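First subunit A sits with subunit B, and in the next complex the same chain sits with subunit C.
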Partner chain A sequence: MIAERLRAAYEASAADLARGALGVLRGAGGTAVVADHLEAAQAGPPMAADAGGVDAGGVAAAVSAVRVLGADVLAPYVLVDQRLPPEESAAVCLCVSALPPVRQSPAAPPGGPEAPWIRAWIDWGLVTVLAGLDPAARPAAAVVPQQPPRCDDSAPRHRTGGGSDGDGGEGWVPWSLRMGQLASLALPGLDSPVHHLARCGVLALARGATRAVLRGDFATAARITRWLAWLAADGVPLPVNVSLLVREIALRGHDGGRCTLDLAIARRLLGEEGP
Partner chain B sequence: MSVATLQRDVLSVNAELLEGLMAAPETAVSGAPLPCPNGAAIIILGAKEPKEPKEPKGR
Partner chain C sequence: MSTVLAPLAHGIRSRALHWLHAHRRLGALGEAGIEKDLDAYKALTETALAAGLVLRDGTAGSRERVLAGELLEFSWAQLGQGTRLYERLVHHPMKTDPVECYSHFVDAGYRHTGLDQLISHLAAAGAAQAAELLPNRRLAVANALRATGCGHTAAVPDWETLTRATWLGRVLEPWHIDWETGYDLTHTVFHLTDWGRRPHALPADLAAYLTHWLPVWTDLWTEVGEWDLVGELLTVAGCLPDPHTEIDDWQRLARLQHPDGLVPRDSDPVDDDPATRFQDHQHTTVVAVIAASIALTRDLETPAATGPDSGP
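This part shows the complex of A and B:
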């Protein structure tokens, strides 16, 4: 029960933070969304204690929201070339230090559990973007995690696992879903083995985004489409019309929160202004 | 400055919960009925994977 309440609190805080980042991207919000988010959490009422009996507080949920969104909290500064305020840089550093990134890369799936490995990648993205915006910032270092399994377009679509050592790739369904989970890495200025595999997995990403739309899972569709938009900005030919895809997802899946933020970032990557 | 104040507080971030949110699975397909006319359920035999197109017969 307490774990469920905490999860709900963390999710609500992440949605709230996404709305704040969206406001900055649109030029309608303040310029220190993370700092403002932490301040509001500190001023708010305490949350339920966690299983260890420690009062998690709204601050922990706010810090977790920053970590869940990863580099997306800094996307407005990357995409509109806005200067990162010092208090914002300090707030992000604080959030990173609250739970430092792992010092050793977890094994990539299927060799290891998926969740810690995804967290390692999201942390890497956040720390790398912050260092690019504010070289003077000194967040805790984040290692480059192990690269994901590659995708094999001819493999059975639901095949999981696959190996980066040439044992056969993964099916496009699990592969594209995992790329969606790493959507916060789809930003200018970032490059890694994940980005290399995205360039190699154009068809799988197009299939994954289309499948998500057909299933009515617009949050996943928006996240996978982020990669398609990033590829388009990178000059990679695509088998789908990403602009139309973004428009369709926005029409049917607009939530004012994370999905809308993903779509707004995708539009910026495509060079399209507006919400 | 609020950030400096926060540094003095104990921040307990639940790592397992955080990772669970980051690695959230795809949303399950909605179980809501399709907007079909009455009796259409008899015709619809259930979702199937689309079959691979057959190779055209040689002429």
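This part shows the complex of A and C:
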């Protein structure tokens, strides 16, 4: 029960943070995402009672939320002509130093577990985008993690981790789902082995997004669609009309939080104005 | 031939044929005739199609050929050696199902002179092609007229226009699909390719579209256990110019098949009553025969498999 309540509090904090980023991106809120979020957490009620004696606190949840959203907290400053306020840069540095990125690159799946490897990539994205926006910032360093398995469009669709002989790629279902988890890397200015594989996995991403829409999993659909929008911005021809896809998800699945933020970023990547 | 797919498809087809044969009398039309039992009429039509495909090429063993031949004989006898189809068309000249049904028997070598004359007359007058139908059914009529040879005096069908009027022909974004449209697209492919005989009659853009999205749709309806539609989508995969096979789908179909050969239509429990079992699952079992037959035929045509059908 305690773990569930804690998890719910952390998820709520991440959703609040996404709404904050969305507000700044739309020009409808303040100019700081992370700093405002930390400030609100400090002003809020403590969570110690719920944590069974462990003083997790709203601030801990807020810091964790920044690490969940990764570079998306800085998306407004990347996508809109909006200066990164100094207090925002400091707030992100504070979050990174509170939960420092791993110093050694975790093994990529399927050899290593998914979660720490994805965590390492999200950290890398956050630190790299911050460095691009504020060269004077000195966040804790984040290693470049190992590259993900490549996708093979003609492999059995649920095959994980590539072929047993080591030369086959992964099926498009698990591969596209993982790319969805890495969606905060789909921002202008970032490039890495993950981005290279996105360019090689256009059909897999389109299939993954379509599958998610048809399953009614609009959060996943929006995240994979981020990559498609990023590819479109990169001039890559797509097998789907990504503008229609974004509108489809927005009409059927917007949640005012993370999903809506993903869609708003996608529309900015596509050069489309508005929420 | 693929060393993985072929034995699976042979096994599925053989078991399904045995089940259809063993229970064929549950699908008898009865004295009341077609109008009083359209479900039985539809089942006989589908059985004739499946049995004809088994006999179409050299992929079936001798036992399967005997079963298929007897299923065709039974179905033809139920239809009064074509007389009941003739009577339905005489009384209802704007109905197209007698033409569609008859075409499957013609494929297997059966003929009814009166039907030939009547269908040719209706086709030449343009009546057979003028019925108000869903776009994919218009393709069914065009294909049936082609298959029966009764359309030779009629205007040549405009396949391109007929094709582009269907859901598939619109090449929509792939998420604009639902369960019924899924069936529509499968039948568009079946009629355009004449059940896999003419894979290159599928326009190149539609073949590419299906290659892209069939895996998504197959995955979707597999997840919810819509085995009947999954079977039809596997059939479509076999009708493509470059057949697409995922061996997992065939292994799943084989696991789903009951020991007696029945292939369940969905993930709901299967009733114990033989008549209910036949009524509920005859179509999916027929679909399994059709999918396996087309896969085996195309497998014979295709050089040694190098794709995903060779397994992970």
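We adopt the following convention: the second predicted complex is superposed on the first by the 265 of 275 C-alpha atoms of A that agree within 3 Å, B and C clash if a C-alpha of one lies under 4 Å from a C-alpha of the other, contacts with A are read in each partner's own complex, and residues count from 1 in each chain.
Following the convention adopted for this analysis, a residue touches a chain if its C-beta (ideal position, glycine included) is under 8 Å from a C-beta of that chain, and two chains touch if they have at least 3 such contacts.
Every value quoted in this text rests on a predicted model; they were computed, and no experiment measured them.
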- Just subunit B (first), just subunit C (second), both, or neither: which does A:59 touch? first
- Message: With both complexes overlaid on chain A, does A:142 touch subunit B (first), subunit C (second), both or neither?
- Response: neither
- Return first, second, both or neither, reflecting whether A:39 touches subunit B, subunit C, both chains, or no partner chain. first
- Query: When the two structures are overlaid on chain A, which partner does A:155 contact: first (subunit B), second (subunit C), both, or neither?
  - Reply: second
- Message: Touch test for A:229: subunit B only (first), subunit C only (second), both, or neither?
- Response: neither
- Could you tell me if A:265 is touching subunit B, subunit C, both of them or neither one (first, second, both, neither)? neither
- Query: First (subunit B), second (subunit C), both or neither: which does A:210 touch?
  - Reply: second
- Task: Check the residue A:87 against both partner chains and state whether it touches subunit B (first), subunit C (second), both, or neither.
- Result: first
- Going by the touch definition up top, name the partner, subunit B or subunit C, that contacts more of subunit A. B
- Query: Does subunit B (first) or subunit C (second) touch A:244, or do both, or does neither?
  - Reply: second
- Message: Output the subunit A positions appearing in both contact lists, the one against subunit B and the one against subunit C.
- Response: 215
- Item | subunit B - residues contacting subunit A, complex | 1-3, 5-7, 9-15, 17-27, 29-30
- Could you please specify the touching residues of subunit A with respect to subunit C in the complex? 154-159, 163-164, 168, 172-173, 203, 206-207, 210-211, 213-215, 239-241, 244-245, 248
- Within the complex, which stretch of subunit A touches subunit B? 3, 6-7, 10-11, 14, 35, 38-39, 42, 50, 52, 54-57, 59-60, 63-64, 67-68, 70, 87, 90-91, 94, 98-99, 114-116, 118-119, 122, 177, 180-181, 212, 215-217, 219-220
- Note on the structure: subunit C residues touching subunit A in their complex are 173-175, 177, 212-213, 215-217, 219-220, 223, 246-248, 307-308, 311-312
